[in-house]
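Look for chain A in each of the two complexes below; its partner is chain B in the first and chain C in the second.
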Partner chain A sequence: MADRPVLEVHDLHVTFRTEGGLVPAVAGIDFAVAPGKTLAIVGESGSGKSVSSAAVMGLLPSNADVKGEVLLDGRELVGLPNDELRKIRGNDIALVFQDALSALNPYYSVGWQVAEAYRLHHDVSKKEALERAVRMLDLVGIPAAKARAKDYPHEFSGGMRQRVVIAMALVNDPKVLIADEPTTALDVTVQAQIMRLLEDVQTEFGTALVLISHDLGVVAEVADDVLVMYAGRAAEHGSVKDLFYRAAHPYSLGLLGAMPRVDVPPRHRLTTIPGSPPSPGSVKTGCPFQPRCAYTERVGERCITERPELTPRPGEGNHEAACHLGRRPEVAP
Partner chain B sequence: MTEASSKSATPKDELLRLDGVKKYFGLGTAPWQRSQSVKAVDGIDFVVRRGETVGLVGESGSGKSTLARLSTRLLDPTAGKVSIGGQDVTKWRGRRLRPVRRKIQMVFQDPQASLNPRQSVGTILTTPFRAQGIRPTRAQLVELLSQVGLSEEHLERYPHEFSGGQRQRIGIARALAVKPDLLVCDEPVSALDVSVQAQVLNLLADLKDELGLSYVLVAHDLAVVRQVADRLAVMYLGTIVEEGPAAEVYSSPAHPYTRALLSAVPVPEPGAVRDRIVLTGDVPTPIDPPSGCPFRTRCYKAEDVCATTRPVLEPVAGGDHRAACYFPEAPLELSNPPLSERTQ
Partner chain C sequence: MPDLVWFLIRRLFATVLVLLALSLAVYLIFYALPADPARLGCGKPCTPDRLEQARHFMQLDQSTIQQYLAFLRGIVVGRTYGEGGAAVHCDAPCFGYSFPLARPVTTLILDRLPITASIALGAAVIWLIVGVSLGVGAALKRGKLFDKLAVGLALIGVASPSFLVGLLAILVFGFWLNMVPVNGYVPFTESPVDWAWHLIMPWLVLAALSSASYIRLTRAQMLEEMNLDHVTTARAKGAGERRVVLVHGLRGVLVPIVTIFGLDLGSLLGGAILTEKVFSMQGLGELLISGVSQVDVAVVVGVTLFSAFLVIIANLVVDLLHGVLDPRVTHG
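Coming up: the complex of A and B.
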């Protein structure tokens, strides 16, 4: 990474206090993203990828304990009082949710809602804010933006709604945009439009993007770096090419093998990872992936007793994996 | 099963046949609503033969789920004919449909919503037998569970005790209970994590080999469908715009919509240069679809003729591969040549 990262996360821990005890949803992850770059956080349900992004935004409920460092342009966000956070949230760092319909208020026109996001951080008149909102709606590709700004969320299609949410997130020129499964609810042709829009925005404004996704195809196309999460921990971290061409963690390799592909003829059977992802905090010692891993037998006891830490892969730059298997796993088991 | 296919002229291996099927949903009974309807399925011919897996793909609102429900006779068609096992069952209702249900079963998208949370797995699996007037033995239920990779210990448990993938296995076991010939699966893996999705797709393939099942697989994920389908039908706004052998349609799509759809699917190859056709706009409303070709409003090849008459499915490059387009794309010789080189 040539540029200094605009967002740095160090040793982030998120623990939920519940009636059933403490649930560690995120157990120590690190990542950083530079201006104009895209970091993808990949994982299955319960891997902690969405909780991590909510922790960065300070949006977790009060029963969550957040530890670690979240540095935005060098400024610590963890532990900031709420009114300080409010000045940053939506202004320097913005979030795009998966479900655009529940992210919008059905009672207000979309223009009003985008304008409100602007007025919260800028001392401008309603009229000026609305003009800004219309410009943003136009920028994200909503046809006849001026007229459409008066329409309500239900009058838009799913793809157009997601554009409105992106316009709202971008209205204050944030330095960092966190997009949590931004296209999961959309059809592929619309997904292609939205991903292209996000790319255009990044080139134009130098926005850093943290993309949370389970779709490895989308990740391969837009990410510069990838963090693979499993059970609240980092399994692998590296450039997008590291992950797709030199996967070093058996879980990453398993994910790639399990994914059907549209561009090549079908295989006889997909390779699978046995079992299903563990619930957060259920793995106390050793490697969280160990019960599903085909390489455990070769490594032996260590996988059960000793937690693997992210370790750099020799001669592969920033590529790291948390696995006791010294060498690269072969084809998915 | 014995009464079927006695006086019918259709080939025996035709498990399902839809002829000119339409399904219009009324918008409401208010005076200004009565004249309008959602044309969810608007004139479809569709055949499934024994032993084949037909993938049905399309974007949301294309009518693929409605077609699945029409095929299983869970919905009554507005027009057209539904034949199951060579027998016209369009007008059949209620009790009379029971023998039909034994031949064709459905697997639903959301295993959470399609399993009764207050019934044990044993009870859930007993229900389809009961509907056919059979009392299953415990051994039969255990056999069903083992077919989908579960075991006897799961019989007394309740749906909430299972993971999403296991619940979908229970949904499949329930559909298999009456030993159907054809399973209609509506988005069977879209609610599952990637690693679990592969397990269920492999299970469907194993069951096909073991039991000689046929499938209609409704899905929006074109990669999932490519993995399992023998034949592919592409839907847009209630019509089939292209169909044919899956290998051929995937490698050489003829309809501009199919081509755009395939080019939009992301591929896990970082840095790969792809000639993507990004469609503008959204799918038009099925209340008032465009005249002529339904895709013409977003098509990069549309001309005047496209607005006048709706194109019908016609063979491309001979054989089984058909597309409903006045300007179909030329067949591709290479497996994946750049789209800019296409000739028209």
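Coming up: the complex of A and C.
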């Protein structure tokens, strides 16, 4: 039972209708998370990570077209009327944002805001909801939660604010928690505390966690599976071990090379990936990563003419990468 | 709370200083004018003797500064003009005495205030409701027909002079259609229905024009607010769109609207000059205009100071409301 995914996404496409034409932000991605497990979605800015999570929540603006399947416990969410989606948002799937200061409403006390999330899905009195909110604030480690519930967001430190956001997300005991770069805005020491908190609540409640991040250090620590996105597509996915020990896509290798680590000799220079990601929709044929890829010469013109599909790679079972390079590339040159 | 008390003391002190400076400025401006109030007061034929008498009676024969100090003293202890049987008393707080109208300025202001307040408050309620709801609607329907209509209306409203709209309204609804009275004021205590019926035109004209700027302000603020992350949070929590707009979107728009509203209302209570003139309402604005044309310095100084006082009080109230409406604001 534990392995049956609670959230499944199949062939998700998100296209924005803009004045400049159709812009495909996500062009067919698949992922799944099981209860108590963590899936990390990594990639550069603009790779479609956040758009994918917003699509799952049905939170995209009205000029976005979503195609594909989003299954929550087997129930299709794409195309569900807004009123039905509303009952799922915050109740079954909850979101933790990157910047807790702007994610919280400056005009209401944190206790009120957490209680509101509960009252939107439970028919309880304000008093009961507030008691529940205080319990959640206490659970996420806010000292003197009962007194502090009356305080406003600006009266909290960054780490405490992010705890409030997490309490708000967890108050309805959701099946899936989507955390969009939850620690990016925080100090390093606080980052570790917040990640530990997320892990703790996950173990306690059996929540499935979708962690959107570009911090591979965090990913290595907490993720079970990893999806690497590039230009709105999956570049590679597999278990966290597959990715860190058997990365098959040159882009994944580039990301790993750009990560500072303690197990390489000192004075070793971090590598960078030359160039910048393509703008959405600009790559019509071939591999979207080709212009930045160091292995193009080895493969030849297939990289320019033919779009690589996800193909199985050696690993823990589900390891796939979208690269024409058959053999695992050596460590990035 | 001690913070708030200190804040209030400081602000009241500043208010008194501003009013002093303002009254002195108004005094100096009007005494620099070539017109002589005493000449208007001495009647015809005006012999030099009588003129001197009038000047002495109106206490205009003292130096400007002495007159100003007498004015200040009058506010605290009252004032008496002339001596014996012809003496005129002006009880404290005396803001001057209008010889042309033969009444203390304080009484004049208090008599006129209900009319101006009726016009201003009624219009304010209408324009606040109309302006904010149209502004919110326009922001939510951005780029759609409703938005374009609302913005177009606002543009017309901002560009229209109130005397023109007022006169057109009197012509159409008062004379052609004969629907509403074209002038006159009935006190609320006499007949609330007639009171409202006589005020409906000034209200609508004034509100139509003021709504315009509230549509634009609300629309702009709302567009900004609805793009903020915390509004997305509200949706992600599962709030319905109505709740997202009313509880999370509109809440942030409240602060700028209350600010502008307070200041507008404050200055309007000091006299809706054009509207009062057009609709022949004997309000503070009308009092000021006739005071200027008759070189009735006491009235001009009194009404100007009273208007300034209202604006300053409105500012203070707005500042205090900020502390209530925005938890991030402290009165340090």
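The definition used in the following text is that the second predicted complex is superposed on the first by the 322 of 333 C-alpha atoms of A that agree within 3 Å, B and C clash if a C-alpha of one lies under 4 Å from a C-alpha of the other, contacts with A are read in each partner's own complex, and residues count from 1 in each chain.
The rule is simple: a residue touches a chain if its C-beta (ideal position, glycine included) is under 8 Å from a C-beta of that chain, and two chains touch if they have at least 3 such contacts.
A quick note: this is a predicted structure, and the numbers were derived from the prediction, not measured.
With chain A as the common reference, chain B sits beside chain C without any clash. Once the two complexes are overlaid on the shared chain, A:R17 sits clear of chain B and of chain C alike.
Set against each other, chain B and chain C touch different numbers of residues in chain A, with B touching more.
Contacts of A:K150 after superposition on the shared chain: neither chain B nor chain C is touched. In the superposition on chain A, contact of A:M160 is made with chain B only, not with chain C. In the superposed model, A:A220 lies in contact with chain B only, and not with chain C. Applying the stated contact rule after C-alpha superposition, one finds that A:T271 touches chain B and leaves chain C untouched. Taking every C-alpha of chain B against every C-alpha of chain C after the fit on chain A, the minimum distance is 7 Å. Shared contact residues of chain A with chain B and chain C: none. Residues of chain C touching chain A in their complex: 228-230, 232-241, 243, 248, 251-252, 325-328. For chain A in complex with chain B, the residues that touch the partner chain are 44-45, 157-160, 187-193, 195-196, 214-221, 223, 240-241, 244-245, 254-263, 265-267, 269-274, 276-277.
For chain B in complex with chain A, the residues that touch the partner chain are 59-60, 163-166, 193-199, 201-202, 205, 220-224, 226-228, 247, 250-251, 260-262, 264-272, 276, 278-280, 282-283, 336. Listing the residues of chain A that touch chain C in their complex gives 57, 59, 82-83, 86-91, 94-95, 97, 99, 102-109, 116-117, 120-121, 152, 154, 165, 168.
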